[in-house]
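The two complexes that follow have chain A in common; it is paired with chain B in the first and with chain C in the second.
So, the complex of A and B:
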């Protein structure tokens, strides 16, 4: 960035002042990772707490508290009829784990259907998006002219609200719509059936494959050209270069993209809800099931489904981080290295000045 | 040989054309359909035979209440973005610049919350908001939206702050600024592009939100644009008003597409911030 040009200008007068004002800071190379080590602990800690706590407070209120509420709520059943008065009772009866055990009985059919739909959508859409996204990234990486046009174009599906893209694809998949005209074949896409699943998959892949493409492109752009030159000199074919160089080097970026997409696909709601509709067995996801139960004032089962979805998402995320080593926060190791380098350079200059 | 050479020269262009067509064709179809007249709506010609703004007029007809929905969207997304950015700027600064205990854990936790299934907070909050009478209010949509916009903003801004050299504020502090002054007078102005990009990305995320807005409102006058469009009804109940839906879709999308075109470089930098480490 352009910002990096600034330190050399400020450097000449800064080290001198630093040396005069705080000589205590100088003999610190044994702890190169900490900046301003003499004051780091107490003052910095307090400042950090002050800066971080509002965010943590808000997230506690909007995420942690509702989650605990959902756990509690999932132990209650829907409001029943009061046997004495015959009216709907005001309180929900405590049913213990019944909402959870119910998924193993007849009432669980809808849950398992939603569970398998969610899993199906996640596996199929993310696989397709990864394939198409990587292909897109490679195409964009090759292009030298018109890159900004492509970049703008590729952002359009990302920027369109999912709700709008649902409507758009509903129109495309209309019985008399363009999809059937292009295919020359009558398919009832938006009726409840397997074709509805396909419609959702196509619409979702269209919207999010470019996003994976962008993330992978960013990964491709940091691979030095020399690596490929060396490989070519050693006689590696284009395919070998892709499998042996591109893919391993782009893997960290790809893993993060795939993780994000997986977690996003697991909570899919807008697209099937608008494209096909609520309470359609062929496309109902866990999010749709929970939302539908809640909007019918059956908060107990709704909360149980929400908790189960949360656990599912959590397990998948954990598996990604543990098994595949997806680095979510972009590697503290890398940043630390960069930081310590940035810190050390001015220190060396300081010593030169004072000596 | 010359054939393969030519092929090699043209292949990247062909690829680019394919990628752009893939991304834009459905959007183009929405635009073209919105410009057709009602009688013409099922036509499959690539250009409308005669451009008609009939659908746009019907979208903005007073009975539809779409202007109000747009305003609702603007308020909800705007306030959500402003609040998220305010909190996230401080937090991200601490994450990028200060060394303190549990930093990595806290950052992981914050980012992890954005991966939360929204429905698992909507269900309990729906019950809570019903009890305290918050249904059909702006705050009932703004507060839950913070659950995903705040982590998004913290993550983006942390990356931007990390990219700025440490020497900047060292120099400022050496020149007599306190850490707070260095932050206010040096870091924030220099991080303005990053903050701006984060604002766009956060705003788009909040603007596109559907599940929360759908669950928390049942009065048409409080619905956001995305919800309102999904509930559009035609002049007759038997006919889905595809034309007006497409027109409304274009209206909701155009501001985003314009923003994307203007700030594409920055948005891409923001979106890929975490990926290219």
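So, the complex of A and C:
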């Protein structure tokens, strides 16, 4: 058949075209040598490319280029000191993948410590924030007197810049601060140890649970009242309504919120840096480690850590989308991420069934 | 991509991309232009406008001094570029400026511990020592401006630790003189604590949070016990009985509560507040505490003395700042003149009077009028004269981090002091071997 003569190059990318072709099984003989016609119509295709190109250009300059530069930089080691002259050499030696393989040697202890700290913070803070955020959203959603005051009150922490909230909590967790007065027991929160981890978790949950609350509230507000009326008629209890109606319907919004929080928590830097301080083993995250290396003029290892963090974040985002079905395309309107390309149509099913 | 602008773009763009600071700002290609600099160092050419780069000027005094210069040199005006207050950010911006070989910064106000690093990277120029009145300055202060025996900066201000103590309580307990040794200090505390009003007070505190202050306090303890962290040639020498005695003083003081447990979280301000709130009998801190404490509840009830040591007066660490000249700057002749002007005895007097910055000049400490304004000056002079600069090494950032790690582990009881010093010696050897 003629099908074999023309490579189906564009078919997977442009489903519309594929559908148009299939009935006749005709390999579009009109303009066999050109690709353009296979994309909807030539005019709109060109217009689309034109409209998208500024964005692509900006992304190339601010995302792609630096990422490649970081990759390149991560292959170089720190500049050496010439013991005779006492001067640091001008060039960085090429070390290949040594900066990466070093994490499996003893020098990698600090990396793995930072890695597990990052993971710990992400898992613990995001779990707590999800629970508290959903509870906040439900409270905010209820109609009662003074609702606007409660809403505003809940959102205040989110409006405070992280650096400022870091300072606030630093005072609260001072050896003679409010936290210890309330507890009636002196905990040295800012000393390097497990208590420092707890301090960071508390401050982070306080600040970002409202973010999840806000997104979930948006999700709650689009659930039609009729669904609940029908459920009540059928005799569903409040708990059943929550599990069977609220949660599934709010899931797309919730998933987006949780994914965003995860990505945010994985690159956590400012809060532990300000609240506890740099180079504290108990709270050092990957971002802090990379920054610390860079500030000690070791850009190679710093870039390597940054690249590893980038991969880690990327994998988590991918896993999230695949396993938990975060519906980034349709869910909460307008919140699109670069990684959303990974989402394919099967996920849509969930939404269609529930809605 | 070898040009400075391209690298600047890489930097700022990398920030956006990875959400991280400074991931790709190194010079991987290596543009070999810096090597010819040292040979030409003797000639400082070019006159014209320059910049002075320092941390935020909270007192307004820097602008006044620059104003004076600008009035006298209308064709060689100095512009003041203010950086953030905190030293790490200042250092980072100066490094960025140097890595991009930008001529935006001319004269840099550098912390005393940065000299070696900046000099080894050739970010700053070696300076002609005969152009500055170094002989009139306190010697330990001048040492902080040198790298491998060559002058790379000029001292602009200095600082040393002082022992603040409660005169009222000591007098009541029958202690007539401030202690000069640690043993005397703890003995004085024991007597004071028998007083009913002082029974809940702690004896002593310094800065023991895991940050630069811990390095300062550890260095003081080690030097005050006759030890050292690095020797005269820059080789680590911290695994010694003397250094152990120094560290043991701190470790034991934490154990027997001579130092309160919460002091492990103290930075300068926490200690000052505890002292002002009447929680401490002795406090090791910088002179800035003096004027603030005079306005607090303990006004008139305290005085200062040089730091105590193991067998006699101790040795302080040194603070303060130096002026250095960026290697990539223009108008270096003007810059050199300005540095001379800015660090002159006249300017130093002005800074002392109006911003209470400790001067590098010895005779200013013996000036009766100034001593009246700042009663701590004679003690501060003693403190600075006996002071030992913190380790002068190229990788200072790593060295201070290693010190903080090991000392903190010892103070919190995670390691014995012997083990901590042994590990520290190993770490420092690795860091200085590079």
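Simple rule for what comes next: the second predicted complex is superposed on the first by the 278 of 355 C-alpha atoms of A that agree within 3 Å, B and C clash if a C-alpha of one lies under 4 Å from a C-alpha of the other, contacts with A are read in each partner's own complex, and residues count from 1 in each chain.
By definition in this document, a contact is a pair of C-beta atoms (placed from the backbone, for glycine too) under 8 Å apart; a residue touches a chain by one contact, two chains touch by 3 or more.
Predicted, not measured: the structure shown is a model, and the values here were computed from it.
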item: Which of chain B and chain C A:69 touches, first, second, both or neither; value: both
item: First (chain B), second (chain C), both or neither touched by A:195; value: neither
item: Larger contact residue set on chain A - chain B or chain C; value: B
item: Chain B versus chain C as contact partner of A:119, first or second or both or neither; value: neither
item: Contacts of A:256 with chain B and chain C, given as first, second, both or neither; value: first
item: Chain B versus chain C as contact partner of A:282, first or second or both or neither; value: neither
item: Contacts of A:299 with chain B and chain C, given as first, second, both or neither; value: both
item: Chain B versus chain C as contact partner of A:150, first or second or both or neither; value: first
item: First (chain B), second (chain C), both or neither touched by A:267; value: both
item: Touched partner set for A:241, first chain B, second chain C, both or neither; value: neither
item: Footprint overlap on chain A, where chain B in one structure and chain C in the other make contact; value: 61-63, 66-67, 69-70, 73, 174, 176, 267, 269, 287, 290-291, 294-295, 299, 302-303, 306, 309-310
item: Sites on chain A touched by chain B in the complex; value: 1, 3-4, 6-7, 10-11, 14, 17-18, 21, 33-35, 40, 44-45, 47-49, 51-52, 54-56, 58-59, 61-63, 66-67, 69-70, 73, 136, 139-140, 142-144, 146, 148-169, 171-172, 174, 176, 178, 181, 206, 210-211, 213-215, 217-219, 221-222, 252-253, 256-257, 260, 263, 266-267, 269-270, 273-274, 286-287, 290-291, 293-295, 299, 302-303, 306-307, 309-310, 313, 317, 327-332, 334-335, 338-339, 342-343, 346
item: Chain A-facing residues of chain C, complex; value: 10, 13-14, 16-32, 34-35, 88, 91-92, 95, 117, 119-122, 147-148, 209-211, 261-262, 264-266, 270, 394-395, 397-398, 401, 404-405, 408, 412, 434
item: Chain C contact footprint on chain A (complex, rising order); value: 61-63, 65-67, 69-70, 72-73, 75-76, 78-81, 86-88, 90-92, 174-176, 186, 188-193, 267, 269, 277-281, 287, 290-291, 294-297, 299-300, 302-303, 306, 309-310
item: Contact footprint of chain A on chain B as seen in their complex; value: 12-13, 15-16, 18-20, 22-24, 26-27, 29-30, 33, 42, 44, 87-88, 90-91, 93-95, 98-101, 103-104, 106-108, 110-113, 115-128, 143-144, 146-147, 150-151, 154-155, 159, 162-168, 170-171, 174-175, 179, 190, 204, 207-208, 210-211, 214-215, 226-227, 229-230, 242, 245-246, 249, 252-253, 256-257, 259-261, 264-265, 267-268, 271-277
